[in-house]
Amino acid sequence: MLELLLALPFVFAIVVLLHRSASRRTTAWLAGAAPLIGLGLLATLTPAVLDGTIPQSVHPWIPQLGLAFSLRMDGLAWMFALMVLAIGVLVVMYARYYLSAEEDAPKFFGYLLLFMGSMLGMVIAGNLLLLAIFWELTSISSFLLIGYWSRQNEAREGARMALTITGAGGLALLGGVILIGQVVGSYELDAVLAAGDQLRADPMYPAILALVLAGIFTKSAQFPFHFWLPHAMAAPTPVSAYLHSATMVKAGVFLLARLHPALAGTELFFYVVTSIGAATLLVGAWNAIFQHDLKGLLAYSTISHLGLITMLFGLSTPMAVVAGLFHILNHATFKASLFMAAGIIDHETGTRDMRRLGNLRRYLPFTSTLAIIAALAMAGIPLLNGFLSKEMFFALALEIEGHAGMRIAASVVAFLAGVFGVAYSLRFVHDTFFGDGPRAVDREIHEPPRFMKIPVEVLVVLCLAVGIVPAWTIAPVLATAAHGVLGDAVPEYSLAIWHGINLPLLMSFGGVIGGALLYLGLRRLINLHAVARHALGRHLFRVNTRALLTSARRFTFHVTDGSLQRSLWWVLIALIAIAGLPTLAALADGVGASQPMPVLGWAVWLVAIAATVGTVLLHRQRLLALLVIGAVGLAVSLIFVLMSAPDLALTQLLVEMVTIALMLLALNYLPQESQRTDDAARRWRDGAIALVVGAGIGALAYAMMTRPLDTVATELLARSLPEGYGRNVVNVILVDFRGFDTFGEITVFGIAGLVVHALLRRARIAADEVVPGVAGPLPMPSNLSHLLFPLALAVSAYLFLRGHNAPGGGFIAGLVLAVPLLLQYVLLGSQYVESRLGFNYVRCIGIGLLIAAATGLAPMLLGYPFLTSGHVEPQLPLIGTVPLASAIGFDTGVYLVVFGGAMLILSMMGTVNPPRPLVRRAQPAPDSPATTGEDA
Amino acid sequence: MIAAIDTAGTLTTLGAHLPVLPILLPLLFGAVLLLAERRGIAVQRAVSALAMAVLTLVAIALVRAADADTISMYLVGDWPARLGIALVADRTSALLVLTTTLLAGACLLYACAGWDRRAIHFHALFQLQLAGLNGAFLTGDLFNLFVFFEVMLIASYGLLLSGGRGPRMRAGLHYVVLNITASTLFLIALGLLYGLLGSLNMAELAQRVGQADPSSLALIRAASGVLLVVFCAKAALVPLYLWLPNAYSRAPAPVAALFAVMTKVGVYAVLRVYSLVFGSEAGALAGWAWEWLLPAGLLTLVLATLGALASKSLRMLVAFLVIASAATLFIAISLNTAGSIAAGLYYLVHSTFVAGALFLVVDLIRRQRGAIGDNLDVAGPLRHNAMLGLLFATAAISVSGMPPLSGFLGKVMLLDAVPADAVAWVWSVVLATSLLTVVALARTASQTFWRAQPWPDTTPVPAPPSRAQVAAVVLLLAYGIGMTVFGGPLMRYTDAAAGQLLAPADYIHAAHATAPQLREPSP
Amino acid sequence: MELALASLIGLLSAAGVYLLLRARSFDVILGLTLLSYATNLLIFSSGRLVIGKPPVLQVDEAGKAIAPTLAHYTDPLPQALVLTAIVIAFAMTAVTIVIAMRNRSDNGSDHVDAGGEGMP
Amino acid sequence: MTVIDHALTASLYMVALAMLFSLYRLLAGPSVPDRILALDTLYINTIAALILFGMQLRSSIYFEAALVIAMLGFVGTVMLSKYVLRRDIVE
Amino acid sequence: MRRLLTSPPLSLAVLLLWLLLVADFSPGQLAIGIILALLLPWLAGMLEPERASFGRTIALLALTRRVLWDMLLSNIEVARRILGPERVLTPGFVWIPLELTNIHGITALASIITLTPGTVSAELTEDRRFLLVHCFNLKDADAQVAEIKARYESLLKEIFP
Amino acid sequence: MNAALEYLLAALLLIGSGFVLVGSLGLVKLSDFFKRLHGPTKATTLGVGCILLASIGYHAWIGDGLGLREILVTLFLFITAPVSAHLMSLAALKIGLQRRPPRPDAETGGVSGREPDEAGH
C-alpha cells in the first residue's frame, strides 16, 4: 500500500512526460489523478494510523550499507502526506488555469509530480538514508521547477541558488545521517528514534547535530541561509504556493520533528535551534515589510514563519512540538492561499509590484475577500487559524523554564515578530486591495476562471474552520501527528479560541496595535514605496560564485596550460619526491665494487658517452643529431655484444637502422633546425633537473648491479632445452616461457603499423623544403642492392629458422627481411617497388597475428593452456628427421607481423601525399577553421 | 593429430580457459577485422558486434566463476607461474573485465553511428584496445602488465587520432609523449625490481619482498616509488593529471567514452600491485604507498573539481570529472580498509559507466548546438533539448553523487567506510567537492539547456542523433541504474573482492598451488 | 664495468630528460630515444654484467652439454625483456614521429604546444 | 698467453683506437658527408671488433651480428646520403 | 626452366650462401637451400629494373684475381700515403668515358674502382656515358683513365656484353 | 705447423687491425672529405677481410672446425662498400664540397650532368 502510494506520483509523472502531445486538460487531469488517488489510499490507511499503529513495509536494498527501502507511516508522516497530497490536488487544479496556453504543461506537471513523489517519499521513509535520498530528490525537482521559466535570468539564477544552498545542506545532512547510522548501528527510523539517549551521549553528537541542522536550516530557509527562498519566487506561482509555502520548505522542520526524539533535549540543541529560529523569525518578518513584490513579501513572511516553527522545535517541550506541528498546518493553508491569490492578481493585472497595485477590491471583489481573510490569518487575527498557533507560541515563549535570559529574549522576539507580522500583512492588504487604483496596468481586470478560485476558497475556508472550530477540524490531525513525534508523551493541550485574558492574548492584542502603528508610521515617515533594499544574500552569493569561478579558471588554466613541458616537469618532480630519499638511503646502505672492464669496453663506453653528449650539444641541428645518436645506438648494441647478449645486439642494430630511416623520412616534413624558444634560465633549470634524475637512475642502477641476485634464471636455463626444445634460451623465453609477452609485443608492433597507416593514408603534408634535382632510381647503387636482395632474404630465412638454437628468431629475421626491402624503396622509389611487389602489409599483420594466435590455440583444443609448446620429429623422405617445435609456428606469426608492421610504417611514411596544389597553404594558419575544425 | 572432442568436453575446456579468453578473443577478432576491412563497413560491424557479444558472455562467465571464491590462475604455456606468465582471475579482475566489456559495447554502438567510417582501422583497433585492457586487468606478471599497458596505449593512440586533425593532433602528441615517458619509467622500475628480487611474477615478488634483505629495502622502495609514479600518471593523480583534460576532451566521443576506463587501469594497477606485492605480506614495506596516495587523492579531487568548475567546454568538464572520479577512487583504496576498497570498486564501476555516458551525451549535445559546439561560455541553440536534457540530467545526477543513482550509493559507501582518524579530511573534501560538482553541473545545464535559443534560420539543421547513439547512452545510463537497483548483490561482490585483495597470502598460495598440467612444477 | 655502465645509464637518462624538456617535437623524440637506450641498458643490467657467456646452450669439446647454470651462462630473462622493450619502444617512436609530422602539418609549427589555444 | 693471444689483444687495442678516431670525425664534422662517412666507418670498425671479440672468447656466437652489420650496415649510409641528395629518401 | 630459374648465377649464389651459413650439407638443408635458390631470385627478379645478360663468364675469374691482387697492393699504397705527409698528395677528379652500356657492367666497374685503392667512383652521368672518379693521388689524368679502362673495362665488356 | 699457423694468424690479425686503424686514422688526419673517403672505404674493408681470414683460421685451429661463414661477411662488405662510397660522394658533390671538373663532352651540348654548384649545407 505504501509502495503504491509512493509510486503514484512517479508513475503519473512519467505518463505525463511521455504524453507531451496530450491536451492541457488531459495532462492536468492525469496530474491531479495522482494526488487524488493518493488521498484515497491515504484514507484507507487513516484508521490504522489514527489508532496509533504504524503501517510499515521493508524491502531490502543494500543490506551491507544498512540501506533498505523501508516505508513507514506514523502520525507525523500521515499529517505531512495529507498536506502534500491535499494541497497537491489544489495546486494542480490552480495551475491548470494559471499556465498560459503556450507553456509546456506536461513538463510542468511532470516536474510537479516528481516533486510530489520525492516529498511523499521523504515523509514516509522509514530509513534515514532513504529519507536523505528523497530529501535530495526534492532539491533536484525543485531546481527544475524554479527554473521552469528558463528564459528568465532570475529563474535560472534562483534555481541554481536554491540548488546550491539546499544541495549543500543535503550533503551535510547525508554526513549527519551516516554518522547517526554509525553510532546507532542502523538507519532504520525505529532504531534511530529509540536510540536518542545513546546519540545524545555519543562524542559525535555535536558533529551529528551540526550536520543535520545544516541540512534542516538550509532547506527551511533559516537565517543565514534564508536568502535563496525569495529568489526562488522566480518560479511559477503554483510552484511557490506548493513548494515554498506548504511543502518543501517544511521538509526542514519536518525533519526537526522527525528526529526530535533522537536529537532534541540537550542544551546545545535548545540554544542553537531556538536562537537560529528566533533570528530567522525576526529577519524574515522585518524584511517582509519592505518588499514591493507580492511574492517577495510572502516569501519573507514564509521565512519568518519557518523561523517561528524552528524556534518552537528548539524549545523542545512536548507542548512546543505540538504548537510547531500546528503552525506547520496553519501556515500551509493560509500561505498557499495567499500565494495563489498573488498569482491570480499577477495573472489578471500583469504585475505583482505593490507600488503599481491598489484598490483591487473594486476589480476583484471575491478574490480580494479571500486574500484579505488569508492575510489576516497570517497576521494572527482571532477567529483565524494563524491566531491559535501564534497564541500557543507566545505562551510557550513566556513559559521557558530554567533559562531566564532565554525566556525574556524569546518573549521579546515573539512580540516583535508579532508586530512585524501584522505590519507586513497590513501592507499586503492595504497596498493591494485599498488605496488608489492600479497604476500602469494596461489590461482589463476581471475575476479569474471559477476553477482557479476554488483552491483558494477551499484553503480560506479551512483557515476559518480551523480558526473557529479547531476541535472539530484540526484536532484529530494534530493529535495523530503529535503522537507520531512524541509517542505517549503527548501533553494535555486545549485548542480553544478563548483561554481568558492572559499574557499571550495581551501580547497578541499589543502586536496588532503595534503592527498597525508600525505600518502607518513607516508609511508616514519614510515612504515605504521608495525603499530599495538590496538583497545582501544574493549579492554575497553572486560575488562568491563569481569569485569561485574566476579563481577556479585562473588556477586551472594556470596549472593546466596545455604545455607538455609542464606536464613532464611534474612527472619528474613527482619522481624525485617519491624516489629521491630512498635512493639516497640505498646509497647510504653501501654499494658493491665494480668488475674490471676490457679495453674494447672502454672504447665503446667512450663512444657512447661522447656521442650522447654530442647529441645534446647538436640537438638543434637535427640531421647532425641524428647522425650522432646513431653512434649511441651502435655503441649500445656493442655493449650488448660484449655483455653476452647477441640477440639483443642484433635487434638493437636492426631497429637502429629502421629508426634512422623513420627519422629521416620524418625530417623531410619537419624543420631542419630546432628554433630556440626557451631562455637560458629555463635551460639551466631543465639541465639541473635532468642531472638530478640521471644521477638518481644511474645510482639506482649501480646499487642494483652490485648486489647479489637470486633469480629464476637457473630454472629457465635448465628447462629450456628439454621442455622448450631450444638452445637459444632468450628465444625460448620469447616464444615459449614468456610467449605471451611476445604476443603482446607483436600486437603493439602491428598496431603501430596500423596507427601510422591511419594517420598518413589520407594526410597531405608539405615537405619542409623541396630540393631541386631529378627524381629517379640511382642506377649503380640500385643495381648492387639488387644483387644483395636475394642474399639478404636467404639470411633472413637463416636467422628465422636457426633462431631457436642460435641468435636470431622471428623478430630479427622479420627486420632482416624488411631492411633490404626498405633499401629497394630508397633506391628504386616506392611506386616502382609497390607496382612490382604488391604486398598488402595490413593483411600481412592480420595474418601474422592469426598465425601466432592459431599456434597458441592449437594446444587448447587438446585441453592444454594457450601457447603450450609441442615438439615433433617427423620422418621425411630423403631429408630424414626434422625436429620441429611448435614455437616455429608462433615465430612465423612474429615474423610476418614484424615484417608487415615495419614495412607498413616505412612505406606509409615514404609515400606521403603532398598537399593539393590549389589548397596549398604556405603557412598553415593554426586558427583558421580549416585546420582547427575538429572533424565533424 | 585430431582429437575427438565431444560437446561437453569442449564446454569444460572453454571453462578452464576462461581467464585467457577476454584477451584472446578481441585479439583474434581484431586480426580478423583487419582482414575483413576490404569487405566493407557492414561486415566489419557485424564481426565487431559478434565479438562484443561473445566477449560479454565470456566476461559474465568470468565474473560468475570468480564469484565462486576461487582465484583462478591460468598458466599460459603451461609453465609454472614463476617461470612463465600466469593470468589471474579473481573477483577484482573479473569485475573490471566485465565493466570494460559493457562499456565497450556501448561505445562501439555509438561509433557505429558513423565515426567508424571516418576512422581508418577503427574496428580492429577497438578490439585490440580491448585486448590490451583485459590483459592489463588479468595478468599476474608485472612485465606482462607493462606489455598490455602498451597494447592498450598504442591502440588508444590509434583510436584517438585516426580520422583526427588539428588540435587533436597536438593533444595526441602530448598524450603519447607523456605515456611513453611513463612507460620508460615503468621499465626502469621493472628492471630495478627484477634486479633486486629476481622475479616478475607478482605473487613471487610479493613473497620475495617479504623476505628481502634489510639492506635492499631502500632500493626496493625507490624502485616501487618509480612504479607508483607511473601508475599515478596513468590514473591522472596530482601532480600527474595535467595531460588528461586535453587528451580526453579532444578524443572522438566513442573513444573518449572508452577512455573512461583507461584511468581506471592505473588505479587498478596501484590497487593490485600495492595490495599484493606491498600488502600485508611485505614485511617492512607493507602498505608504504598509501600514505602518499591519500593526500594526493584528496588534492586531486579538489583540483579536478575546480577544473570542472572552470571548464569552458562540455568535453573539458567531463574530462575533469573523470579525473575527479579517479581521485575519489584513490581516496577509497588508499584508506586501505575492506569497506573502503569495496566502496572504491563499486565507485570504479559506476564512474566508468557514467563518465562514458557523459562523454557520449556531451557529444550529442555538441552536435545539436550548431557552430557553438560545446562552448560553455556562450548560449546557443540546441535541438532535441528535452531528450538530451533528460540524458544529461541522469548522467549529471549520477556523476555528482546526487541520489538516487549509483554515484550516490558509491559516495555513501565511501563515506561510511572512512576510518575515524581520516573522517575529518576525507569527509570535508568529498562533501565539498560534491557540492562544487553540483554547482558546475547546474551551471552547465543552465547554460546549455535553459539558455537554448531558437535555431537560426541561416544555418542548416544538424542531423538528429541516431538511434544507435541514443541507445548507447541509454545503455550506459541503464547500467548505472542497474547498479543502483542491484546495489545489494553488487556490494556483496565488491566486499568479497576487497577481502580477496586484503589477503595477499591467498593469492600467493594460489600461485604456488596451481601446477602445470603437463610439466613438473619444478625440475 | 658496473660503474661505467651505470654512469652511461645516468648520462643517457639525463640527456634524454633534458631533450624531453625541449619544446620541439624532434628534440622530444631524440630525448625519448636516449631514454629508451638508458632503460634498455638498465633492464639488461638487472641480469648483472657477464662477459662472454651468452645464454645459448653449448656443448663442450667432448660433445657433452655444458651444465645450464648461471656459472656458464648469463641470465637470459632480462635479455628477453629488453628485446620486448626495444620492439615496443620502436613502435612507440614510429607513432610519435608520425604524430609529430602531422602536428607540424596541421598546426603549422613543430613546437609541441603548437596550435594550442590553452584549455578549452 | 700465446702469440696469438697477444696479437689479439694488440688488435683489439688498435680497433678500439680506430673506433675513437671515427668517433672524433663524427663529432667534429665539419660537413654532413664527413659525419656520414665517420658513422659508416664506425660500423665497419664494429665488425672488426666483433670478430676479434669472438676470437678472444673462442666463440662464434657473434657471427650473426657481424654478418648483419656487413650486410645491412650500409643502409644507414645510403639513407643519410640520399637525404642529403634529395631530402625525400623514398621517392 | 627459364621461368623457374630466373637468374642462375644468383640462384647459385643463394645456394652457396645457404650452405655456408648453415655449415651443414645434409639433404634437408640442401633441399631448403634449393628451394630458396629458386624462390628468392624469382622474388628479387620482380624488382629487377634491367635484366642482366652474361657473355663470357669465364673472364670473371680473371677479373676477380686481378681485382684482389690490385686491392692488396694498392691498399698498402694508400696506407703509406695516409701515414705519410699529406701535402705531397694531389687529389683530383677525372671523367672516365664509358664503353660499357650494360648497367651491370657499369656497376661492376664502378665497384671495382671504388674497391681498388686510390680511386672512388663518385658519380655516373644520367646518360651513363661518363663515370666521375675521384683519385687519391692524381698525377696524370689520362694515364689513370687509360689504366682503368685497360685493366677492368675490357674484361667487363666480355662478361657483360 | 701449428706454430707457423699461429704466427700466420697473428700476422693476419695485426695486418688487418693495422689497416682498420689506418683507415680510421685517415679520417682524422686528412684534410678534406674526398681524401678521407679513401681510407675507410678500402683500407678498413680490407682490414676487416684480413681479420676475418684470421678468424676462420683461428676457429679451425682451436678445433671448432672449418667455418667458412666468415667469408660471407667479407663478401657483403665488398658488395656494400662501393655503394656507400658512391652515395657519399654524390652527397658531397651535391652540397658542393668539391666542384666537378667540366664533363669532357660538355661543349658538344650532350645531356649535361647535374649542376655542379647546387647550394647545399
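Letters A, B, C, D, E and F mark the chains as written, and numbering starts fresh at 1 in each.
Note that a residue touches a chain if its C-beta (ideal position, glycine included) is under 8 Å from a C-beta of that chain, and two chains touch if they have at least 3 such contacts.
Chain by chain, the UniProt names read as follows: A, D = Cation: proton antiporter; C = NADH-ubiquinone oxidoreductase chain 4L; E = Na+/H+ antiporter subunit E; F = Multisubunit potassium/proton antiporter, PhaG subunit.
In this text, all values refer to a predicted model and were calculated from it rather than measured experimentally.
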Lowest number of touching-chain links that must be crossed from chain A to chain E: 1
Chain located farthest away, centre of chain A as origin (C-alpha): E
Geometric centre: closest chain by C-alpha means: B
Chain pair showing more contacts of the two, A-C and A-F: A-C
Distance from chain F to chain C - Cα centre to Cα centre, in angstrom: 31
Centroid spacing, where centroids are CA-atom means, of chain D and chain F in whole angstrom: 11
Centre distance in Å when chain A and chain B are each reduced to the mean of their C-alpha atoms: 18
Of all residues in chain E, the ones touching two or more other chains: 17, 21, 110-111, 121, 126
Per-residue multi-chain contacts in chain D, two or more chains: 12, 15, 17, 19, 32, 36, 52, 61, 67, 71, 73, 78, 80, 82, 84-85
Junction residues of chain F - those touching two or more other chains: 18, 23, 25, 37, 39, 45, 67, 69, 72, 76, 79-83, 86-87, 89-90, 92, 94
Every chain pair in contact, whichever chains are involved: A-B, A-C, A-D, A-E, A-F, B-C, C-D, D-F, E-F
Of chain F, residues touching chain D in the complex: 6-7, 9-11, 13-14, 16-18, 20-21, 23-25, 27-28, 33, 36-37, 39-40, 44-45, 47-48, 51-52, 54-55, 58-59, 62, 64, 67, 69-70, 72-74, 76-77, 80-81, 83-84, 87-92, 94-95, 97, 120-121
Parts of chain A lying in touch with chain B, wherever the complex brings them together: 20, 60-65, 67, 107, 129, 132-134, 136-137, 140, 143, 147, 150-151, 155-156, 159-160, 163-164, 167-168, 171-172, 174-175, 178, 181-182, 545, 548-549, 552-553, 555-557, 559-560, 562, 564, 566-568, 570-571, 573-575, 578-579, 582-583, 585-586, 588-590, 697, 700-701, 703-705, 707, 709-713, 715-716, 718-719, 723, 736-741, 743-745, 747-748, 751-752, 754-755, 757-759, 761-762, 842-843, 845-847, 849-850, 853, 856-857, 859-869, 931-936
Touching residues (chain side chain C, partner chain D) in the complex: 51-52, 54, 56
Complex contact set, residues of chain B against chain C: 143, 147, 150, 154, 157, 161, 165-167, 169-170, 172-174, 176-177, 180-181, 183-184, 187-188, 190-192, 194-195, 200, 245-246, 249, 311-313, 315-316, 374-375
Contact set on chain A toward chain E in their complex: 774, 777, 779-780, 782-784, 786-787, 789-791, 793-795, 797-798, 801-802, 824, 828, 832-833, 836-837, 876, 878-880, 882
